Structures are given as C-alpha cells and as structure tokens.
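A, B, C and D are the chain letters, set down in written order, and residue numbers restart from 1 in every chain.
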C-alpha cells in the first residue's frame, strides 16, 4: 500500500523542512491488530504516515504489535505476580512507554468497537496510572497521545472516542484532531491496504493523519521544553482522599502518592 | 449545595496564591441541563469549582444555560437562514465562543448519554468548524476544553468520552484528566446538589474537577502565549481535497479555506 | 432516491406474498433529522424500505419528523407543566406512541453521534417509562423497536448502539439485526439520497433494512398474539424499592406502581 | 456475597412456582472478568441471580470464565489455522454456544468500557456469524441474550450498550431491560461483592437482574416453541450481494450462504 506519491512526497518534504528539532523525543505506538507478524496489518499501513513524519524529524519511534507479545489481561503492573507465567508488558512499559513523550494507540474496528488487544493495552497502561512523578502528578502527565484506527466499515469515531477518553483519563494530553482513521462505506468491503479500497487515496484521511502527527509533535515539543505539564493545582500530594476533610493544604513535600482513580 | 468548607477554602487559597496571571483569558461554559432558569441545575453546582478557580485567577467566565436561549437544531451557522424565526446562537458564538480561550461543555446524563441540549450545542459549534484562522488552521485551534457532567447514576465516562471526542475533533485541545464528573450508585437516587447525595463531599470528584481546571488553565496560558497551536504541518491551505493529486506544495499564501470535515 | 428497481420489486413482492396478517398493527417512527419539512431527509429515503414493507402488509405507519413539531426538551410527560407554553409531545405520545406495537427511532449522524432531536425524543419517551400496564409491567413492554440511521460518513453502529440501548432499557424488545444504517467512506461525501452516494445501491444496507423490518414484524405479531410479554417475574408490583427488605411476596394485586429507573 | 435473604427467598420461590417449563433450554454465560479461577469475580456474584433462577426452572446453565481458557484473539472460527498452537474456543462454541438458547455476556468495567476478555469473546462469536441455518437465517437467530455488568464505578450503561449492540447485530434477540448492572458512586470504591459495597443490597439492581432473567426465559421459550425466529423475509438465500441487481426472487432453495456482514 502506498498513499499517492505526490502526497507522500509532500509529507516527506514538510518533515525535512521543519525548522524545529524533535530528535530528543521518543514515541511508542501500540497496534491492536488481530494479526500476528509477519501478516500485514491494515492499521500499520495508515501508521506509515505518522511513522514517516516522526522518523524524518528525528523522533525515535517504537511500534509494538500487541499480539506478537505475551501480554496477559489484567490491571496490575506485572501479571506474573497474579498467576501468569510470562508477561512481556513490564519490560515494554519500562523500556518504551516510560521514556516516551508520545503515546499512540492504533488498531482495527470490529463490530464498530475496539479490538480486544486495544482494550488489553489500555488495561495494562491503566495499571501504572497511579504512579506519580516528583511533583505528585500522575505518571502519564507530559505525554501526548493520539488514536489511529482503520476498518473496512464504520466505527472510526467511536473507537477514537473510547481510546482518546482513556488516554486523557490517565493523564495524556490530546492535541487538536488526533482521531485519525479510515473506514469504508457501510457493509462488507475492502480494508485500508487492499488494492481497491481507496483508503490510501483518501485525502481527507491522509490530511487528518498528517495534521494529527504535527499537532502531536508540537505539543510534545512544548511539554518537553516546559518540563512537563506545569505543576500547580494538579498534584496528588495536595489531596488525601482517605481523609474526610482533605485536602491538606499544609502538606507540600513529596511522599506516598494517594491512590489513582 | 456546598463542597466541604475546608476543601472550598483550599481551592480558593490555591487560586489566590497562583503566581501565573490568567486575567487576559476568557472562558465559555455551556450547561446542557434540561431545566430552565431559575430552576437550580445540579451540573451548575459542580461547575462552581471551575468557576470559582477561574474567576479568582482573573479569567472572565461566561456560563450559558442552553435551554434559556432560542437555539434551533442545525449544523449551519445561522438557522434563521434555514427557516427559523429566531436564533440566539450566532450572537453567542460571536460574543462568547469566538473570543474564548477555554470552551467547556457541561451537562446532565439521561439514559447513560448526553442530554439533547448538549448534542444541540455540539451541532451548532460544529457549524463553525470549517472557518479558518490566518494560518489556515481551523477556528477552534488554540482553544482548550473540558467536560463537566453530573447524573444521579451511571454515565459520566460515556458522556465525557463523547463530549471530549467532539471537542478535539473540531480542533480544541484536551488537557490531561478533563473528564470531570459525578454520579451516584446504580439505580434511582439523589442528584449532585441534593442534600444527601454525597456528591459535594466526594473528594475524588472535587479533586478531579480542580485538577481539570488547573490543567485547562495551564494549557490555555501556554497556547495564548505561543500565539495558538504552532502553525506548521496543520494548515488547510496546504491541501486541496477536491484535487485528485493534492496537496499543492507550491501554494502557501492564505486564500479560500478548503472545507472542513 | 430509489433503490434499484428489481430490489424494490422484490421487497414489494415479498410483502404482498406474506401469508401472515399484520393489519391490526401500528407503527410509529421518529425521524431525528435536523431538516424541517418539506426539505428532503436522507434518513427518510432509507425509511422508505420499512415504510413500504409495513404499509403493504397492512400496518398503519406514522412518521414523525421531530423538528416539525414543538417539542421542548425535558424528562417530564408534559413540559407545559414546567414552564413551556407549547408541547406537542403529550398528544403525539397518546395518539401515536401508546397505541403503537412498533416504535422505531431513525435519524442522522453528526460527529459520529446522534442528532439532538434523537436524544430529545429519547428523553421524552423516557418520561413515560414509569407508567405500568395492568400486570405491573412498564408501559413499553410489548412494543418492538429498531434503529434506522444515515450519515455521509462513519457512526452508524455507534448511533444504533445508543438508540437500541435506550429502547431496550425502557422496555422495548429488540429483534435480531435491527441496526439498519448506511454511511459512506471516511471524510466528507455524499449523503444517502444524493445522486452519486451509492447508498440506495448498497445491497448490504437494503438487505439489512429489509431483514430488520421483517424481524420487527415477526416479533410484533408474536407479542400482540401473546397479549404482550408474558407477565411472570417482571412485574413492578412485586417489588417495593423503598422498603429495606422488599420484595413483598404477599402482595400480588395491582396498585400504585413503584417508580421506574 | 449474598443478596438479602428475603430477596433471595422471593426469587427462589418465584422460580419454583413458575407454571411454564424451561427444562429443555440451555444457557451459556461468558464472564469477561480479568481474574482467573479460583479468584472470586464480582460479576459472578451478581450472576448468581440469573443462575439461580434459570437453574431452578430447569435450564442447563454453563458459565465460562474466559480467562480460564486458552482463547486467542481473532475473527476466525479456529485460530489454530492462523498460527496459534492452542484454541479452546471451537470446542466451547460447538459444545456450549451452538446448542444454547440463551447467550449472555457478562463482565467488569475498566475505564468505563468493556474488559478485553469481553471484546475477545465478541470477536470470537462474530467469527461464526456468517453460518446459516436451514432457512438461510444467520446462526444466532433464535438465541436470546442479555448483558450483566459490574464495576466499582461508572460505566454499566455504556458497557451494556456495546454488548447488546454486538449481540443483536449477529442475530441474537434482546428482550426488554436486559442491561443488568451494578456500579457504585463516582471514584474509587468497593466492588459488587465487597462487604460494604451496598451492591447486593441494591434492590434496583436485584430487581432488574430478576426481570432480565424472566424476560430472557420468556423469549427463549417463545422462540424455541416457534422453531426459531419466523423465517420469512430474513433469509440470506434471498440475496446475492455479489450481484449488481440482486436479490434473486427466483432462488429459494438452500445453497451456499452469502457472506455475512
């Protein structure tokens, strides 16, 4: 699959001509496709747009195809502590998610909703959402996110809404227009990377995916330069949810985090 | 209705002690309650948190209770051009939405979903989403949003997901944790401002609403100071969706906007 | 707009050849389009399939275009008791909804979600959901429902899910495959009845809409013949939610209904 | 966990006194909890209501805790044909789903949405949705479904909407009020079976779950006695989606099914 060559050329040129530097940034993208490597993923085809742009401006991009890994379901950081023999996620979190400035969730649509590997990753990310940084902000503060979705038919907006909701709920920033998707007309039909789908030629999708990528880059740049989300009024250290009459305005020093939602 | 006095005091103190200035900012909040003034709105009770904080740091806050106005349904800027005799929305848009740096959508939950006035406002806001600024960015770029929701039972997350989806889709930035809501246990029960609801005493909701407000303020401050969302890679002027082989990399001067989604 | 003539012919022939009688049944369909009559509605174009079939088998079908009426928002049966001067809904409910065996909710998609008139009608229907029949069952028991949705792009499944959820929650039966919809590919494009949309030629949508209609007819026939949903185990008279240790197994005679959800 | 003893007693008495027989019916319930046996599942606690009622009226009930089995993600009937070494689902489908008249999907709420094992089961059920019966109806026609959901907070309606949507879309009948759920107030809190949750004492949830169960029983009885959903107007044999001018009214004999959605 290829988006039309002059669109591809334009996107590349725009990346090459960018005056701002992004080569200190890292991104991790989870692809919730049901297909294991090396089977081609339609969603991965659309992901070539953000991958191209981000790579060309110097961002280190890691793409994780969830079904290629042993990732048990669960809402605890390490599922080997809950009866599973293997769990690749703690290492993925430590090596790829924690250091990333950009966190994108991509995947297919089934029955108008997220595929199970997409929900799985959201659950596993959620397990770390109670961690806090030195300012008492939750750990995903400072990261910037987006959703990339493909399906042969209907559901791009619903999947995006659920994914973006989850991202912002755990502390990720959602820049303008980060619900990038393609799907065809109602009914059975070609998927994005199928030769006759029209997906790669859909300029609306290519444009939105391009805009999304730049908006993510802009916000990641701003937040990295600002040292994260400004730390005032949003510190868990200010609130002790176990106390009937918190918050405790006296308390300002880092300590044990209160539990996350 | 009152949140506990020491929480109220803490919130006020935090606002008063903020070192950053916000008095050049404006906010508009739409409340989609089904009750017309002067009937009290439960959602408005919870809105007292962002209103208090924003007002005390100098933001000019306009609260619009949708059902108090004559606002016909439609996805055109002015519905008097489509057969309605009256339409208050064009003036609301011009006077309150356009100049606002912060755009929040609040409202109740019915059958687990948004109230009709909430969808109405989203439709009317959408009608202006094809306008562009000088850089060719859509008109909501640079605004920062959030959702505030109350119900007697279940639905806060679903309503938030739909509202935040709509906001980011038209170009609004969604900071971390801007899905502030309260609802009670499953089944019939008290609403937020009812004396025994427990809503105002729910420290989780008060904390999240406080964090949401500060996160919105931080991002509104950043974007205003930056002159909006950085204008690179996200200009409608770069793409001509009517052309088979756009974008047009030669073209860079402002002109007619391409149509929005 | 026309579906292809031989599909139209087949649908009509099938209706004419049905051996079961349906001429004692009534249907009401709410169309939540944003366009007032006589502007054509795309959703109404797709509704011609269920209307054709139901009419030809003898069902009396009433189509209500919500925006053609004065229907204030609210969750009370009559909004003139809540400050509105006019309210057409009580008469619509009494004349069309109450006597109907079939209750369908149709409408367009905006930003991937229901139009405001759709949520409005759901709110107003909800206001009557606490009424009970002689058996103590809620008033919508025995009615059969479905959703018909059109949009130029994406959202048919999400809108259907929300509409069908609301219908079953208030007591309507949802037969198999009653989420009939059409929408085009991602991005701006033609709506259903536009000459080049491909909608009327989409056999998947025509087939599903036909199946939906027959499934609704089958269940309406069954439930009418059975005198409604069998009345055992589902009577509000058995439960007194205000009592700490209900239900009251002694009590079996009709009396005041307990309040609905 | 126990619902209050006199509610439990009432439910049991009602089941024992039912005059209709149900002992020729089978039910399968999938529980999408993230916890593997023998860890207790909150959702399973609420499932004791439908299990009690159905078992006492003679229905054979099979409960499948998804995470106790090896069930790879995918939308094909047997994932061992797609690179996985093991797949328990084909046997589960053949032994439990195919012969069942009742198909319920239960599970927890995470971030306001379905758990990944719930989406997984929906995907796997979907893989069989193109099969047809002798009348050319899709294979789930004639089955009756419902959703049972628990969470410590918010999301019961959204999860129900998505689950019931999927069920009806593949051909399952959704009786009135089959969205049974419990969740607590906004914010962290006890789950259903926790000693102080209030869940088992929530009469609204117990009542709805009871009503749901009887409504499912009524419709399963009706459809079994009727030999399934009446087979007129809803046969895939009537439509050849690959033909530009189907349906083919001449063709009425069983043959190859057209592909499902």
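The working rule: contacts are C-beta pairs under 8 Å (C-beta built on N, C-alpha and C of every residue); 3 or more make two chains touch, one makes a residue touch a chain.
These numbers come from a predicted model, not from an experiment.
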Fewest touching-chain hops separating chain A from chain C: 1
Chain whose average C-alpha position is farthest from chain C's own: A
Between B-D and A-D, the pair with more C-beta contacts: A-D
Chain A and chain B: spacing of chain centres that average the CA atoms, whole Å: 23
Separation of mean Cα positions, chain D and chain A [Å, integer]: 31
Mean-CA-position distance for chain D and chain B (Å): 38
Per-residue overlap in chain B, given as positions that touch at least 2 other chains: 111-113, 157, 161-162, 165, 169, 187-188, 203-204, 241, 261
Contact graph of the chains (line, ring, star, complete, other): complete
Chain C contact footprint on chain D (complex, rising order): 4, 6-7, 9-10, 13-14, 18-20, 53, 138, 140-141, 157, 160-162, 164-165, 168-169, 171-179, 203-204, 207-208, 210-211, 213-215, 217-219, 221-222, 226, 229-230, 232-234, 238-239, 241, 245-247, 249, 261
Residue ranges of chain D touching chain B (in the complex, touch as defined): 111-113, 154-158, 161, 181-188, 198, 202-205
Chain C to chain B touching residues, read off their complex: 34, 36, 67, 73-75, 82-83, 110-120, 122-123, 126, 162, 165-166, 169-170, 187-188, 241, 259, 261
